[in-house]
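What follows are several structures.
What follows is a pair of complexes built around subunit A, which joins subunit B in one and subunit C in the other.
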Partner chain A sequence: MMSSQLKGMNIAGMGVVFTGGRGLASLDTSLRQGFAPPQMSKSTALKGSIPAYRVPEHILKDKSVLKGFRRADRFCRMAVLAAWDAVQDSGVIFEAGSSSLGIIMASALGPHSTTFGFLDNVIDYGDNNVSPKLFSHSVHNTATFYIAKVLDSRGPCTTLTQFAFSFHEALIAAEAWLAEGRCDYVLVGGVDETHTVMEHISAQKLRIANDGRIRQFDFSETPIAAPGEGAVFFLVTRQPTDKPHCRFASASTFDTKEIAKRPDIRMVDADGMAGSESPYRGLDWRDVYAAGYSPIFGSTMIGTGFHCAAAALMLKGQLRYACPIKDNPHGLRLCERTEPASIERIECVRFNCLGKKASVVLTR
Partner chain B sequence: MLDLNLMNVAITGLGAISAAGGNLSETLETFGLGKRNAAPVSLFPTSLKHPSFEVQKIPEEWNRGGSRTLQLALCATNEALEDAGIKGDVSSLRVGVCFGTTAASQLNDVDFYRAYRETGTLRMDSVDRFLKGNLAEVVAHTFDLHGPAAVVVNACTSGADAIGMALSWLRNDVCDVAVAGGSDELNLIALSGFASLGILSESLCAPYDRNRKGLNLGEGAGVLVLESEAVYSARGAKPKRYLMGYGSSSDAYHLTAPRPDGTGLESALRTALNEANIKPDDVSFVNAHGTATLDNDKIEGAVFTKVFGKGTKFLSTKGFTGHTLGAAGGLEAVFTTAALDVGWIPASAGFNCQDEEIGISPVSERTPIAGRYAVSTSLAFGGNNSALVIASAE
Partner chain C sequence: MNGIDDNRLKETRAKLKELLVTGLELEDVTPDEIADDEALFGEGLGLDSLDAVEIVVILERHFGLKIKDMSTGRKAFQSIDTLAKYVCDNTPSKED
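Moving on to the complex of A and B:
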């Protein structure tokens, strides 16, 4: 972390749920296959449809992991499955009731489909006849409850929300917890969902890529987006691990001068969600490969989490995935083909709507 | 691992706004007088007539088009920064902002949604208020603070956990100063939701009382300014109090009910005491979560007896503020610190008769306190438990 005592952490395991499936094999397959047009989400209010990278419902019907979680909504099910898979991927076994695992989840918008369901209740049945189940599930930290429950984890647990940088803040918090000895491992990740209301808001507030093709290297002042959703979790630790994917070397949400050691690849989380993307033009692109994979999982405020998962696969597999959309008006050195490569360091960069930069650096 | 004993974090500023007062001074006066400013909700139309604790007045200067939750946060932050003596003078420092909330994290505007359902149109003023209303980002922007910014949404432990997060930042040198606490407004969503759970009292709440009937909702904001001791000392000042420890745990038991054996809360408490490097006997009083629900008070009472013994002094300030949800941990940390400053704690408002099932009673009158250390506890939906240890200087 910039100007701090935090020195990085190992990624022992990862789990993802996204429009292309569940698990690292699905992510690898989607990254290799490249762009696939998203579903069109129909809305009577919109009087039409917009592209949305939604997670297919069948992916969320795991009767083993989600057994006993009949009441959990989509948001929670995405979170639980990605978190569970990250632990399974690591091979680390946590004893029931252990407090050695912390959980930190980031979300920009939280379980808003359940929130709107609760508002339906208020409007339809009156404020004295609403569903307690909908109310309790509309709280942001419901997902971390389900994760703690499925793992019977009694360690610290927190949920952070912010529109652009919540995943970055979650990483900083995870490393701080490890440094303080609050826990030996942290499950850190992000979850966000789409919903017709938010898609409608997106259609009003953003320029939508009607073909789903998010052009990440246009660096336009009026960029285009295609809403996405999903969950991504990392099991991180300071301890040595048998087969770590790679390391989170640093994360910062402020004071992000160009990092001293240049990355081999810079991933841009320019997905049309945060207004003008012109600040990406100001980065030093000399001798750096540019990459961006938002068209694999859609535009989402936790996109950096998915980019970090892609980066981890690239570092571990020592390969570059071809960018799914290769429009390149600024002549960057794009990752154009999926091919073996020697990669030591990948930086994931995101700017918010105020033009502030946040970055995450992953190393082998 | 960090040596936490080498990382002193000073509490240098306090700010509070709630039904008990528009600032900390007014609040302490209310506590001393035992006044309980509750009434049926007046902020919005509702069929629910439960007593609630509304903030009487938010100074107009904080109404900048944002949510009521944001206005409360700005008001308390301003007081805390002025108290710390660093308002407008922090450009050379990395100042983090960490807030806990529930209401400000959601687009839960009934009028907005009703209009959307009925006409298919979006009221963009509501959308913009939500999208431009992230507490930490707006507080940082308003007071020109540059550092990490995070909003913690852990239901009713949000405020305490935000303070714990800020403590972690300071210990790890992520920032030099942190503004941390919680803020929440009273709104229809929380009111109808808690009513649906059957835990709202139709009379004034009575934490720990044998005849308690549930909680009253409230609103407010409580903010601490935290500084690494080195940074504070460099300003030529000597800290008067410290944030010594923070513990957090998950029950992994039930979404809306605490683990019956209280082991989650006990774990959070013992972690916080260990971080502070003190024994339970060193604690002069506990500012309890004390919501006045049957389950919460019973479990907290059992854990206090187990950890601190039967003679411990404790209270709930929710009889003065109502349950302010995401603000509660922030407000109660401020009250705990202020009590160490003034040397007394108020009567636990609403308490009259001991509950034999709990077996211990909160203080029933204004009570002097001696000793350096105090604890504030918070519990939440989702099974979160948190504890803070606060100390006055030797």
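Moving on to the complex of A and C:
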């Protein structure tokens, strides 16, 4: 079991890139607007189309940030933009070559379009004739290199992958780095992409929500998914900050206990990606608002990261966003409307395919 | 022209420019904007060592040419002109 009871990390800044756009204003707008159906993505693997919440290409061409990034693939571009925006949002200025900033990125599948492109090259052209660009970009940690490059950071950086719990593990590692004094700030986040391989996995292993309506409160044994992608980063620190969004109070994985203090809102990361969602039924739902915003960014293993970003906006703005899909067969107390609210504590919960739980708690 | 047909050289230059722009994912430059004698590395087109290895792969895939040693590569990779001459010198023409 991995778990941590954090002393707490202030969220000094946030950045997001998702199907609805880039930046916190775009996320707030999408959360207020509610459900928007995904585009149908043509799938070469499936010889058909699949609904996918893809990040629009034009967002990934910001040359003010991505100057000299011609080789960077979509995965790296999403990561860099979200990480860059998190630092800009914080207002913290890092000296060139500073080692006070650590970078921890979570990803379930990494840059798999590039990784499989590299493998295709081996098959098509032989191992002596593989594109060096594909080779150099096929490893998971390439994105953190680009982030460190654009921020001119010399601090530690790593990429963690733990499938459904990657983002949670990244938070736990970030807390450890801060506790050890390895750095004063950590840029911690998650990135995942949709592509042929993800579409194949979705079609073969998952049930697809052809209308894009991910039903997060069905808690079905055979849930439905609509693949999504994007990047979300948080600049966290133990140091006092001028205007923190809120705090990460705790993060845990493979934990069976309910958290000690009951949350005001529980966000469920039930997005059809991890098999049966029946374990969500066993949570204590008394006097707790239920929320889920996966239809805003799509089904993704790093969905908890996006839910944490939504939670941070809710805690800072003291408002509840209406759930985009309100199907509620278990009679939960759903966030039905976008409205002002007094919120102290939000829990984001995710179960993996083995029915094991991970959670993140954010407080004001 | 050392026996190389002008038209063939011209066609090879054009093909190489196209391959470099797409294969190296060059930004803000079109094939037409690359001068025949423009330096590929350093001050010219600004390519780097990873691009050099990518060009080796491009030559093998599209022309069946293997660059086996550094000195050959260094001479051939100076500009589109030198690259096109290297390709034409080492591959059979359509007439051959």
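The criterion applied here is as follows: the second predicted complex is superposed on the first by the 354 of 364 C-alpha atoms of A that agree within 3 Å, B and C clash if a C-alpha of one lies under 4 Å from a C-alpha of the other, contacts with A are read in each partner's own complex, and residues count from 1 in each chain.
Methods note: a residue touches a chain if its C-beta (ideal position, glycine included) is under 8 Å from a C-beta of that chain, and two chains touch if they have at least 3 such contacts.
A quick note: this is a predicted structure, and the numbers were derived from the prediction, not measured.
In the superposed pair of complexes, A:131 makes contact with subunit B and with subunit C alike. In the superposition on chain A, contact of A:161 is made with subunit B only, not with subunit C. Looking at the shared chain after the overlay, A:240 reaches neither subunit B nor subunit C.
After superposition on the shared chain, subunit A has more residues touched by B, the comparison being subunit B against subunit C. Once the two complexes are overlaid on the shared chain, A:331 sits clear of subunit B and of subunit C alike. When the two structures are aligned on the shared chain, A:70 is found in touch with subunit C, with no touch to subunit B. Looking at the shared chain after the overlay, A:173 reaches subunit B, while subunit C stays out of its contact range. Of the two partner chains placed around the shared chain by superposition, subunit B is the only one that A:149 touches, whereas subunit C remains out of contact.
Counting contacts as defined above, subunit A residues 129-132, 136 meet subunit B in one complex and subunit C in the other. Contact residues on subunit C toward subunit A in their complex (touch as defined above): 24-27, 50, 53-54, 57, 60-61. Those residues of subunit A whose C-beta lies close enough to touch subunit B in the complex are 1, 3-6, 44-47, 97, 99, 103, 109-110, 112, 115-116, 118-120, 122-123, 126-132, 135-142, 144-145, 148-149, 151-163, 165-166, 169, 172-173, 175-177, 179-182, 197, 200-201, 204-205, 253-255.
Interface residues of subunit B facing subunit A in the complex, by the touch rule stated above, are 1-2, 4, 46-48, 94, 102, 105-108, 110, 113-114, 116-117, 120, 122, 124, 127, 131, 134, 136-137, 146-155, 161, 165, 168-169, 171-174, 188-189, 191-198, 248-253, 255-256, 263-264, 267, 271, 380-384.
Across the interface of their complex, subunit C is touched by residues 63, 70-71, 125, 129-133, 136 of subunit A.
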